[in-house]
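As written, the chains take the letters A, B and C, and residue 1 is the first residue of each chain.
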Amino acid sequence: MTLTVSDLTISRGGIPVLEGLNFSLEPGGALVLRGPNGVGKTTLLRTVAGLQPAVAGTVECDPESIAYAAHSDGLKGMLTVSENLHFWADIFGTKGIDAALKGFDLEGLVDRPASALSAGQKRRLGLARLLVTGRPIWILDEPTVSLDVASVEMFADAVRAHLAAGGSALIATHIDLGLEAEVFDVGPYRAKPENSTDAFSGSFDEGFL
Amino acid sequence: MGSIWEYANPVKFVRTSEIVLPWVSVIAMVTLVVGLVWGFFFTPDDYRQGSTVKIIYLHVPAALMAINVWFMMLVTSLIWLIRRHHVSALAAKAAAPVGIIMTVIALVTGAIWGQPMWGTWWAWDPRLTSFLILFLFYLGYIALWEAIDNPDTAADLTAVLCIVGSVFAVLSRYAVNFWNQGLHQGASLSLDKEENVADVFSTPLYICMVGFGFLFIALVFLRTRTEIHKRRTKALLARERLG
Amino acid sequence: MIALLVRDMKLAMRAGGGFGLGLAFFLIVTVLVPFGVGPESGLLSKIAPGILWLGALLACLLSLDRIFALDWEDGSLDLLATSPLPMEGVVTIKALAHWLTTGLPLCLAAPLFGLLLSLPDTGYVWLVLSLVIGTPALSVVGTFGAALTVGLKRGGLLLSLLVLPLYVPTLIFGAEVARRGALGMDAMTPLLMLGGITAGTIALLPFASALVLRVNLR
């Protein structure tokens, strides 16, 4: 399952932030997005994940093959670790959460309510969710926030295993994960104001400027 | 002269409306003055209702516009959702306050007329109630526009609300009719000759209705232009911040 | 989809889920009414159907902003949007969960509250019947309102403003069924109308809700 992004322009709040993006992600490959804060990495990931429409250009990929992990983990504090994971496994129609628990060292916390986890443990649980989705393309937004060194290594192992199994990953991160990954710096693709007359999708509304 | 959608281009719209607006305004003014003066001073008093009947020249056109403005918003909302012309969404936004004012005029003049006729300012008559509900719909629609920052999101959400609201407004109308058969007179101008108002009253009434129609068109043109300029200012500021 | 329903029910039942709050609110409204209009049982029995319907409607309204707000805050909504579930399915399940946790208890408790307001004997069957048929529409319409206002910081008040006019037809027909039932009149016509509105909203409104929810997520 290849993800191909061609000539993509994305906008945040109606204002274009990045333009002319081209990249592709082959099975087994990983792509690390770099760029200063506020440049539009999150917006790019949301666009690729299909949560928001592109201003121009295309994202070619089956939306049913993407697993998206955002800043927030979508955990329910009132449910236990295993209930949280079982829920997502049911939603994605996969069976078994043992591998996910093992991969992120959550086995000892199975019956703990998610609200009683530390920030790092919550994050691990959020990432473990990726394993139960069973989807080949991971789109990860700052996955290592609040993880300690050992957990980052755990995460890197999970990504490596995922890639080895023919999956792929698009990751926005600032730290070096020690992955065999291409780095894609989005900084140079910042939308130029003079080109961005069509802040409102398409040339039709250029008249606003 | 190309397709009608050309006018959905903001620039084209602003240019065209600049030419059309003065004419429409003048027509609105003239028809309103003629219709209202004729209606107020040159028609006889009704044999039952006396001179109170003359408020009809404000009441009926306002009520008519109150409904038609919502209908126009429904059409422009559909155009926005289907064809994504920003001018269309902005026209719907521009029309809503005009519509709510028309509704208020219809309600207030109705109350003023109702007091001497029915002996009460307000009754839970189906027509009155329906207009009150219409007022609430306008209120919600405008409030939703005001509440959302992103103009495209606001346009989408209000457009869907307008469509859903239209369906429920019609449902409410039937429900209210079912709930209470009222004392409001039937439609004053209908093809059914029996209940028509007399011809002496109807000609100035028609003129007033045309006048209100043109007044509405003028106001919507003006307000849509304002919205376009506002949107443009916003876009320019955004570009400045970007650069 | 069943997993989502099960999860929402669990969340509602567990501590802090707010299950029963609507019911308590309904009770308080019912108790306050006699304080407002006087204890005379003739008057109370006359207005009981309307008060009970209004109380149920307000209790329903109270819990609407919870439908999506929590899932929005913790990011679950984004994840659900990228999941295999169709958005229409998500909003339908959300409405169903809302009805099961709010509407259904209200229907079951209504006869008890009818007792407090000296509802005539003939009225109970019709009251419960009208609530059972009418409250699903309240949940579905409310879900639409909640989807419209999900991203807004002070959406609660706006939500009421948007949803209440949409409740008018359901309230009119529902209260009419209960009123006619209490008076021993034939209530079949408004009951059918009520059923029609509920069926129509359940069939069509989830599409609108899903559309606005997607707009709000981007």
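The working rule: contacts are C-beta pairs under 8 Å (C-beta built on N, C-alpha and C of every residue); 3 or more make two chains touch, one makes a residue touch a chain.
A quick map from chain label to UniProt name: A = Cytochrome c biogenesis ATP-binding export protein CcmA; B = Heme exporter protein C; C = Heme exporter protein B.
Just so we're clear, the structure is a prediction, and the values are computed from it rather than from any experiment.
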**Message:** From the centre of chain A, which other chain's Cα mean sits the farthest off?
**Reply:** B
**Message:** Can you check which chain pair, A-B or A-C, has more C-beta pairs in contact?
**Reply:** A-C
**Request:** Could you please state the distance in Å, as a whole number, between where the Cα atoms of chain B are centred and where those of chain C are centred?
**Result:** 32
**Message:** From the mean C-alpha coordinate of chain A to that of chain B, what's the distance rounded to whole Å?
**Reply:** 48
**Asked** Distance from the CA centroid of chain A to that of chain C, rounded to the nearest Å?
**Response** 37
**Item:** Residue numbers of chain C (touch at least two other chains)
**Value:** 218
**Fill in**
In chain B, the residues touching two or more other chains are none
**Message:** Can you tell me which positions in chain A touch chain B when the two form their complex?
**Reply:** 13-15, 191, 193-194, 196, 199-202, 204-205, 207-209
**Prompt:** Which residues, counting only chain B, touch chain C once they are in their complex?
**Reply:** 133, 136-137, 139-140, 143-144, 147-148, 153, 156-157, 160-161, 163-165, 168, 171-172, 174-176, 178-179
**Asked** Can you name the residues of chain C that touch chain B in the complex?
**Response** 144, 148-149, 152, 155, 158, 161-162, 164-166, 168-169, 172-173, 176, 190, 193, 197, 205, 208, 211-212, 215-216, 218
**Asked** Within the complex, which stretch of chain C touches chain A?
**Response** 2-4, 7, 10-11, 14-17, 71, 73-85, 217-218
**Message:** Considering only the defined contacts, which chain A positions touch chain C in the complex?
**Reply:** 46, 49-53, 63-64, 66-76, 78-79, 83, 86-88, 90-93, 129, 133
